[in-house]
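Structure below; questions to follow.
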Amino acid sequence: MEFVDEIIETGGPILGSEHMETLRVCMQCGKCTGGCPSGRLTAIRTRKMILSALLNMRDEVLSSDELWLCTTCYTCYERCPRNVKVTDITRTIRNIAGREGYLAKSHRMAASYVIKTGHGVPINDAVKESRKKLGLSEIPPTTHAYKDALKGIQTLAKKTKFDELIDFDWETMNLKE
Amino acid sequence: MDKKTGVYICHCGLGGSTETEEILKKLPKGSIVKDSQYLCDITEQELLIKDINEKDLEQVVVACFASDVHRSIFKKVGDEVGFLPNLIKIEESDDVVEKIIAALDDLKPIKPEETEVDVNPSVLVIGAGIVGEQASLDIGDAGYKVYLVERRPNIGGHMAQLDKTFPTLDCASCIGTPKMVATGQHPNIELLTCSEVIEVSGHAGEFKVKVLRHPRYVDENECTGCGICVDNCPAVVASEFNLGVGPRKAIYIPFAQAIPLAAIRDPEHCLSCRMCEYVCDKKAIRFDQEEEIIEFEVGSILVTTGFELFNCDLRPELGYDKYDRVINALELERLCAPTGPTAGEILIHGKPPKNIVFVQCVGSRDKNVGNEYCSRVCCMYATKQCNLVREKVPDAKFTICYTDIRAFGKGHEEFYNRMQDEGVIYLRGIVSEVYRGENGMMKVRVENTLMVEPVELEADLVVLSAGLVAPADTPQLANMLNLDVGDDKFLAEAHVNIRPMETRVKGIYMAGCAQGPKDISDSVAQTSGAAAKATIPISFGKVKIGPEDEVKVVKETTATAAPIEKEVTG
Amino acid sequence: MKIGVYVCHCGINIAANVDVKAVAEYAKTLPNVVVAKDYVFMCSDPGQDLIKEDVEELGLDRVVVASCSPRMHEPTFRKAVQTKGMNAFLFEQANIREHCSWVHEDRESGTEKAKALVSAAVAKAALLKPLEVMEADVEPSALVVGGGIAGIHAAIDSANAGYKTYLLERDPSLGGHVAEMCKIFPNMDRAACLLIPKMTEVATHPKDTWTLRNARHVENVQKSARSKPMMEKQQ
Amino acid sequence: MPYPFAVPRTYTINPELCLRFQEGEGDCSKCKDACPEGAVDFEQTEEEQELKIGAIVVATGYDEFDASLKPELRYDLYDNVITGVEFEKKLLEAEKTGKIEINGKEPKDVIFIQCVGSRDKNVGNEYCSRVCCMYTAKQATMVKDLIPDSNVTVCYIDVRAYGRGYEQFYENAQKKGVRYWRGNPAEVYKDDGKLVVRAENTLLGDPKEISADLVVLATGMTSKSDARELGNLLKVPQSGDRFFLEAHPKLGPVNTASDGVYIAGTCQGPKDIADTLAQASGAVMKALIPLCQGKVFIEPITSVVDEEICSGCHMCEKICVYDAPTFDEEKGVMTINSIVCKGCGSCGATCPSGAISMNHFRDQQLFAQINMLSS
Amino acid sequence: MKYAYFLGCITPNRYPGIEASTRKVFDAFGIECVEVPGASCCPAPGVFGSFDLKTWLAIGGRNIAIAEEQNCDIMLTCNGCYGTLQEANHLLQENPHLVEMINEILAEEGHQYKGEIQVKHCVEILHNEVGLDTIKEHITKPLDGIKVAVHYGCHFLKPSEVRGQGSSERPRMVDELVNVTGAESVDYKDKIVCCGAGGGVRTRELEKSLLFTLDKVNNANAVGADCLLDICAFCHLQMDVGQTELTGKFGKELDNIPVLFYTQLLGLAMGFTPDELGINMHQIPMSDKILKI
């Protein structure tokens, strides 16, 4: 399968096929890269990434570090004269990269916190203190406070195979390795 | 220099003034030198007339920016005072004073010597492609006689060879055939095929035309186009209409919908077995037919001689002459067309092509081959051809190698967008060379300029998007009609912006690709415009002509082509 | 009543998804149909000749052509039957291209639908009544809406041809966008040099063939343009 | 007077500015008193005229794209971000004074941005405006001529130099030192008083910031804002790009859906002057056909009234967009002006008594057709 | 008026001041904030959306479903949460097949997504529902003389076709909300540009993500702003913690600039003390100018 088709098929079910199909009509004008805040500071080149995807350069796109330098700020998405849904295409390409094992350890770690605690950024003791000082409940009424709800998140992760995606070890409740 | 002279310098609304003293010194007493804002404007012309009458000026010099545009507008002055101003073209960089003084030396008084003549209510149209047909139909519909002269045995031109047209994907036959039929049947249109204009003299309103009619060796009126003669002819040669992709006989009908629908014998390849004569029920074969010269008079002339395809051999690095997997776009068009030699089946070495690379700008935007201009249609026809091939080979992959995508017409950008959506890859970079790889497939060397990387593409079919060039005999035609030819070798218009259909000869107009490449829509709109220009004097009934409007007969034969169609498409 | 049915292949446009021969055979079974034929391009000269010959020889009084949209070729076939003395409005066209072959992917259903369309057209044809084309006189004048370079140019052409021409412009002066330009590509003529002569030509046109209306508002344009009847019926 | 070369050569009063027409100041008559010809007439009012016309040519032209619809280019915020049309006026002035001045200073760094409002689905204009590449090349060349040491950059996506002599013109601009930068600028902002244009150079693959004293936006053409009204009036439909729709791109590029109404120039779609004039003459040709013939032929496929049944209720008159039905006082029934009738069938469908039917599409004919299809 | 206050992660677990100030301000306007019991990470649109869109949508759908059980619309104080929940809600409302898919996953836990509520950002509620006039009436200590560099963040505005907050190039909402407090919203370079944290960049490439913040801080300082003002807990963290990381971990030089969440600024103007609003719990200490009000 062409990489373009793979991207459309991956993102299509959630984001809509028409939405994803816009990938094909890029005319390489460079408006995206020109306005990309990340591009000014880092090596990400949005237009080149789209072109590489169109040219079926699957491995190059998936393995590149630049793919992960998009902050999903949607500037390119908003300005594209051909309405190419760049940011959503980027997210989708990352989904594929994830399945191919290109997730960074730091990302997998953040994801594991959600399975473990329900939060990407869990609470700590200092904040508990602050909360008390401000007159808030010491533990927020989230999965931190509702253990059943946390179970729900964990079942959900198993159902969508999110645990496998990030290599989560249910024994150690941590990443494998 | 003894005449009282008025010198007027037009500043074209820019303001400013000239050192008039210098010029005045050179002029006799009573002369004047004046600056002016917009001399072409009606009030200033009235002032000019007033000056001439009050100061008894004997001649007038007008210095302005666009003298070529302005000649005709001082007529009112001429009518009032009996002579016309001498126009001197100045440019911004010129020293105006110097230029005027230099010009003063060889001034001749210009008398308006216009006479009004009646206009012959008929028009000669040279060339019967879609453009010539449309013009003839328009003029014919307005009720005037049209002589439509076509060199080939049939009308329809290049459009008859196309499968579909961009951007609407109308099938070319569906548009072309009715036009051809209507042209063939129109009571006001006299169709002269296998014919060439060989001499033109006279002037707007009354041109005398000589047409050389080559023998067809078949009586057009008797022949029904049944094709029995073709079936029985033993001599087989390559078909010009199908660009050599298919065969034809020595007696043949170029294509099924040809107008007039009559066979033609090709004496060069005919074996003179007379089989055709024997089998023809209508006894329409005429071995004894000879050239004839037809003479008539017309009021206006319209040149719609179209274009030829660029000869891709002139770009040897692309391998057109070397590899049969490299073809030009018109050949692909014949392969796609249901009326083509393969009935629309696209087979390259017996297999449908899966990897097709289009090479844009072959013979266009290329000073190297002397064609600096853009051919206007190749970006869109390549885009269209991707669609045509995809219909028949659904899993084929397409790459179009381009410099700039020029999708400028109505609906073009949308079409480009749509084909991208359907998976056509546009690769920015002009193909450098094409060679054969070890597996027999073509290799295309090109830089992907957006990746700044040279790449090699593999293709089982390479299509060269050949540009449009002026017909080879344009210089002779121009010579015969006293017309100018542009740097691009197409016929030159009187003014690129405001007189795009007129030529420098009054009464002779042009349209379509004869004046430069354009797509069908633009051509058809323009040809109606040219038809209007040709019809206006006829409708009005009278036209004013001056001595310079006479077409001088060029004494040399300009007949260039044999009766059969000689397509130099390379 | 004698109806002739003619089925067009339109190259492969129709023939690819419709079995045209089968459609023609089927047509022969329909009431009043005395002849049914198929041909590669009915609109071509030989195609039209097929029809004309049959009208003459078989004395057809209704003709049905199954081909493309009537928008395309109804006039062609009407003209064809007319040359043989038949009333043009006794011709009926069944659209088996846009309405059928182009929207069907399998030949079987395409053929079925083509048959149905042909049968319907034949049924309608049997009930057609002859009609006569009307003629109307044309007012020998033209209205050009818009006084930019295109409008000026069109008005001059029309007036030069000898017809009374009304040139309508909303702004106080002719000229449009070009009047605001400096130079014109590609040969760098001054916009004024191109425009003023044309405007002068309008202003000084020799015959009384132009009239300028400074219609400031669209309503005015509407009122003027609305002047009806545009054409009067000739009795 | 709008221009020194205006036609007609008359002055006009702008009632929005004239003191006389403004409330409470109604007695100024300086212009009237000064005019030796006594031509000033404050009493002039709108008038309606009825004209008899044989053919109509619509040549209403285009509107310039409103650059403020691209907020990232900050046309509405900075006075040294201007449109091509505005710059054209600057150039006209510069021809007289020999200087281009922006805020009293000669610009040294000038950037042209192409495709503003064209080739841009984001603002609903997918089409190319056909002229911007070349008018920008022209303006860029003129800047180089007037300010030889200036840096002139043209940011483009594709250079569409398609017409006769255009390619040479483009080359000439390059020869003069105009830089062509492939990349569609993403935004313009101001830093330290200077404009900064953010654009990727797609051929180098790098996003860059280029500073400028002047940014010229090559705004494209859009259809006239009131095209719909005129279109409704003349029954000329618009295409997806909102320009007037031709009858057929190849068979009838100047014809419209309305007989006798032809279109010319940029009201049909963006085009340059040469193409505009070719089309204008083309429209005249189509108009000349009926004018020269003196006659038109009208299809008899129109509606007919059965006078026996018609009750003269006027329903058809109300529904008809062509004003074909009128009331016959004498007979007390409706009649159809078959010259004007287009045969659309609305009246037949509306008629409560079933008195109206359509020639060639009579009920029994259609039912016969339907019966066959459904059997 | 009643809203289900969706907390997300950073608001309750890092910046309780944002939570406290929001609750106080809303309370003052008579708006009730109810809990979303058992809510989890939203999960972050750029990070989890990048890992697996299906999981992202399922967790998002779950959070909305829990809020639906409280019978009121969602209010939140983080652009990331807004990005996820608003987009997930939009996708689900548009596509019945997605609802089916999500509900099948949620069934086990006993939740069901119905698609009956809306997701609103706290500033949206303040601006559109409370209204500038009412806010003005509640201002007791106008913040005259305070120059505020407003940072909108990305996911509040974009994609504008989904968010429906108007122009993403020239937003006005927060500036108006700032000006109504008596402070002055000042224009600065790259005002609408991202803080750098989103899309997983902060997690994966901390130093690179902080380059955005560095620019932000410098640009705000260049126009003499007294503080950066955000409407997003994650932007808040990036800009607040980020400044200490920039100077500490990466040795960059910069002039620290205090960071405020909008409800904290509004709270000051409404007469709450800095301590009540948790302003003193930030990494970058408040300037005296702000504290003196």
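Chains here go by letter, A, B, C, D and E, matching the order in which they are written, and residues are numbered from 1 within each.
The rule we apply is simple: a residue touches a chain if its C-beta (ideal position, glycine included) is under 8 Å from a C-beta of that chain, and two chains touch if they have at least 3 such contacts.
Everything quoted here is computed from the prediction, not taken from an experiment.
Colleague: In contact with chain C and with chain D at once: which chains are those? Just list them.
Modeller: Intersection of chain C and chain D contact lists gives B.
Colleague: Out of D-E and A-E, which chain pair has the most contact pairs?
Modeller: A-E
Colleague: Among the chains, which one keeps its Cα centre farthest from the Cα centre of chain B?
Modeller: E
Colleague: Name the chain with the Cα centroid closest to the overall protein Cα centroid.
Modeller: Going by the distance between chain centres and the overall C-alpha centre, it is D.
Colleague: Specify the chain most distant from chain C by Cα centroid.
Modeller: Chain centre farthest from chain C's centre: E.
Colleague: Starting from the mean Cα coordinates of chain A and chain D, work out the distance between those two points in Å.
Modeller: 46
Colleague: How many Å are there between the centre of chain B and the centre of chain C, using C-alpha atoms for each centre?
Modeller: 26
Colleague: Averaging over Cα atoms per chain, report the distance between chain A and chain C in Å.
Modeller: 57
Colleague: Using CA atom averages as chain centres, what separation in Å is found between chain B and chain E?
Modeller: 65
Colleague: Hunt down the residues of chain D that sit against at least two other chains at once, touch-wise.
Modeller: 5, 7, 9, 72, 95, 119, 158, 163-166, 168, 202, 205, 272-273, 277, 279-281, 283-284, 288, 291-293
Colleague: Pull out every residue in chain B that's touching 2 or more other chains.
Modeller: If we look for residues of chain B contacting two or more partner chains, we find 13, 38, 41-42, 405, 417, 450-451, 496-498, 532-533, 535-536, 539.
Colleague: Among the residues of chain A, which ones contact at least 2 other chains?
Modeller: If we look for residues of chain A contacting two or more partner chains, we find 27-28, 47-48, 75, 82.
Colleague: Provide the full list of chain pairs in touch.
Modeller: According to the stated criterion, the contacting chain pairs are A-B, A-D, A-E, B-C, B-D, C-D, D-E.
Colleague: Give the list of chain D residues in touch with chain C in this complex.
Modeller: Contact set of chain D toward chain C: 1-3, 5-10, 12, 46, 48-62, 64, 85, 88-89, 91-92, 95, 134-135, 137-138, 142, 163-166, 168-169, 226, 229-230, 233-234, 260, 264-267, 272-273, 276-277, 279-281, 283-284, 287-288, 290-301, 323, 337-340, 359-360, 362, 364-366, 368-373.
Colleague: What part of chain C is in contact with chain D in the complex they form?
Modeller: Per the touch definition, chain C meets chain D at residues 89, 116-117, 119-124, 126-129, 131-146, 148-151, 153-155, 157-158, 161, 163, 166, 171-188, 192, 194-196, 199-200, 202-203, 212-214, 216-218, 220-234.
Colleague: Which positions of chain B touch chain C when the two form their complex?
Modeller: 12-13, 38, 40-42, 45, 64-66, 69-70, 72-73, 76, 171, 173-174, 177-178, 181-182, 184-185, 224-225, 256-257, 259, 261, 337-339, 343-344, 496-498, 532-533, 535-537, 539-541
Colleague: Spell out the residues on chain E that touch chain D in their complex, using ranges where they run on.
Modeller: Interface residues on the chain E side: 167, 169-170, 189-190.
Colleague: Over in the complex, which chain A residues touch chain B? Could you list them?
Modeller: Those residues of chain A that touch chain B are 2, 4, 21, 24-28, 47-48, 51-52, 54-55, 82.
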